[in-house]
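Chain lettering (A, B, C and D) follows the sequence in which the chains are written, and residue indices restart at 1 in each chain.
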């Protein structure tokens, strides 16, 4: 199996480095006949694009996507869809230090330990810039699952959670934090500003809900819908934890509290009195909203000098110059959405293969 | 890709239902020449075996494993290793209710929604009994990674965490809870007894540490070591959350707090001042201990009647008879260990394929 | 990817050695709700079973199949179907010579070169006995594609081809050679008798036709229907060549001769004036009969002494005792059918995933 | 599994249509540290490039390859290598007829039957132009297996075979037919000229030999080296048959004739007295030259009008304008080489994963 690919029958492969000429994705297995142009993909990339507020990296990338194959007269043909985004604002000279020493918490050392060499410019392949390709692929996935609404947002930043009572869906698009709580967004601005000025960084928690996922998508045992989502989210840069439904809190409930009672609902489907399960049981969707959550650590590239070693193993310190997100998790919301959409598109097709 | 298989080059497939004649695993891609007999596998199965204390299900299964292929004169030959465990104590008559109505929180409804039919006896394929096959396969994986020590234990049960100061590795094998804190184990006995007598159930958190994983195992982007571990653990019955290293707590740290500073260590390898990362950066092992944690919900099969619907969609209530674990998480510790070992064996071989 | 597995979404894994306790297959991804009992599988195994005439090996194996999982009350449940066949007539003592020296043309030397050790009893994993598991899995595949008729037969044996004018479908089941030409069958009996008495062996060519394969099954580029069939057939023991439609003869035609002209047919489908293409164009079924052919070399296990080397590299000679097929290709006809059915079941499901 | 990808651990994905803006390949899993620049890839593309003699299509494509990712300072980094080739000489207006009616023998009808729509310009995805991406990927594969020499050439064209006695390796590069027999090349020029002038086309047989493949590469059962090669070659446009070693001729030999006797050789390896097996036994390389052969049908795009149906199912005739190869098999020799190299690179890495 290829390690830069994801999915079973709806499958995408990403390629590209932070400071190479371009990056992209090849989406394979897409159903034919779907309307798809660059204009259908661009808006999703624009949501993730850097440099749109002072709270994200100041790198200026237009992130314009090109469709190089797989469509004809505005429709998918069923053949692989090649998507390319050119890098236009790379400043590789900032990375001389990083080439010689390892940023604590970053992938620098691990890449060298594995491969014996690495592209240090902007983090190379380990850069969060790779996630632009996922967002482009995710836009194709959305075309495969028009019946599902996938919505991501931040529920905690720098240890400061939103107030669930104040949750307003429309607010997510009104502030630069994908935050559904206006008051929290105001507080978060101060937190990120403070971290940015201190040359530090903060983490956050992203939640994503997929509504109207049909009961039955998913599969036992090793391609469970929750297992696929866990892999998808944990593959995103900086993610260190993943939860489905109540997640870790479920471990503190009793069996009676945790079960989601059913009663007769519309169209012969049950209504559920609660959704502790996050819409998945036995790895298969129940028809309730699918709820996932992931924790992102603070950016490892910070201005504060840290103890480290250089490539020869000698002691040194490193402070990361270059342009970085003080909270990489902010721009992760569209990435989480994309990964959820990609998993669901694949599972829809897998379900159709076996069960329709 | 097969949905009841896991792994890339070291790959296993499990099969079997709770009340079928047998269950098993086929392990494919195992290196040749490794010493392997049934006696090497049985002890790991015995740790997971039901009925060994009053805190687990009273179903009496000897869980004797047979090797049906892939070894010759006590050594692996490189061909597929077929492992079979017979079911000997199934009492299918207990499941008449479950066949007609859906247990809240259980996979019953989701299976019917997907497949249109299911084997209701003991939960069929969705039973935790399937994990016996994983433990058997995991024993083969351990033979592939003799350099690594994989150790799982419970760190929280029913909302009651261990005291990390009291952590004693040897204690894990001395109590029926895989608990490294003797005082916590005593408290947990009362918690589980209480839940059992009340016809209820409790959840728990399992932690697993893999020591001496060589720096370099793992891979970007979609087969990151942490992504594979997340999928592996989330595929275990009842798991609702997975963390690597500090997990969700990392989202509350600053960049300076979260980075693991390095200094020159022995053999040219760095020493790390901390291990917030849980031994993985950029999806690749750093050489530090790999630390994973997963949350298991309380067992859905409880004696307390719950509101639900039957197969025809009519309202009813259900209380689960049959024999069940009041805390399925207890016996999950060996399963988590097995899944971690299986991921690491695969990643070792993948690393060797590309990088040696 | 697992190397003892085959297929994408309808996927099977085989295991077992010639003289181990058993062999089997795990079929994963099967649609739910299909009628399937051991009685549906056994007849196909009986067609391949050894010892039914003097023209095949005299090893007496009942080849009784057991379904260990994946069905409930006579229907598939969508979970993995584990099939097991016990070995009951192994005589391992015949293989002392084979353990020490390499049969020319056989896999003995290659296995040792790869693995450093091997199970020499009956050829171990390289034995044609493994194909029993394929035939069992193929019976499940047939249940997935009831619309298709798959029919295999021999068209040449020992260099003696059938007369196409004398082709009679019903004759295939009347003689021990799966030969559609009664006169050829009579000649072949003499050829095989002669080879058997001389301690020699002969090869043959098997053809297989799949009728009523719907236009559209198959896929570009690396899972072309013909590419999958080629892999499937070339994976059968002793196969050294594969053809689709006219095969090598197509290379001697002109473009006008080779094209299959179309004219309007029934139900809006075209009628084709010929079938040089063997029912596949661009890797996708055209709706015409799918025609494949494969050449099987003569059995390598012969009584005539041959020059060879032993495990230490010293010169020696070897003559294979033990019981062997003088023409292993005879019993390959049901195996070829099974592999064709397995490929088609997988492609039907893949097509449904993407295009329905 | 992705259908436009090939390989297990060394895996490539191709994308692109004949008349789209570009086509390309993403090569994943490549070992790090290998010297690789565009200059290492271009010469292989130049061998396959169209328009270099009057015997191939007159489309003028420079086929310049760009490396967009996966290398740093002239060395592979272990991350995905994205290769892109721009299309510069597409004349889509020639394809109005093809858009409305189906060329007999071509993929036009099958694509429409599968997808309901297709890109008719130059054959879209079904064009042999896709093979340029394979040749680019194949050049990367060659860097992975420097110990192996892969050499492809034509052994028959239009039914006219070479004289094996006249075989001269150096001659292959001296004529436009990749023909190792100078006299045959002269005859073939007349055959192709004649077909071209008549608006017809001819087929051919390509042979490929891989020397110094180490004994042990390959694997049972469904990733046998010969099964992988068969799939690889059958996936090439126009291929209708594949042989390993003696191929179909082996079915006419006796067991004594077909076995390749061994005697003690250098370095503890056996010497083989013959190579009927084509270097593969039991799916595993024996250390002898690996010999494969494939038959390519005549090009389906011919000027001679043929009976066919249009998209509405009505009777019509079609004659293919546009620029086409009168013998597409000529330029297939570099493609066959590339596919053989790609299979071997993958198998080398798989072998290392399991057995070193």
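Rule of thumb we're sticking to: a contact is a pair of C-beta atoms (placed from the backbone, for glycine too) under 8 Å apart; a residue touches a chain by one contact, two chains touch by 3 or more.
Since we're looking at a predicted model, the values are computed, not measured.
Between the chain pairs C-D and A-C, more C-beta pairs are in contact across C-D. Where chain A touches chain D, the two copies mostly use the same residue numbers: shared numbers make up over half of all numbers in play. Chain A and chain C have Cα centroids separated by 45 Å.
The distance from the centre of chain A to the centre of chain D, each centre being the mean of the chain's C-alpha atoms, comes to 38 Å. If you average the CA atoms of chain C and of chain D, the two centres end up 26 Å from each other. Residue positions 1, 3-5, 8-9, 14, 29, 32, 78-79, 114-116, 125, 220, 350, 355 of chain B each touch two or more of the other chains.
By the touch criterion stated above, chain A contacts chain C in their complex at residues 1, 8-9, 29-32, 78-79, 220, 349-350, 352-356. In the complex of the two chains, the chain C residues touching chain B come out as 1-5, 7-9, 11, 13-17, 20-24, 26, 28-29, 32-33, 66, 68-70, 72, 75, 77-82, 84, 114-119, 124-125.
By the touch rule above, chain C contacts chain D in their complex via residues 1, 3-6, 8, 14, 102-107, 109-111, 113-116, 125-126, 130, 156, 158-159, 195, 200-205, 215-224, 226-235, 239-264, 268-270, 273, 276-278, 280-287, 295-302, 304, 306-309, 313-315, 329, 350-351, 355.
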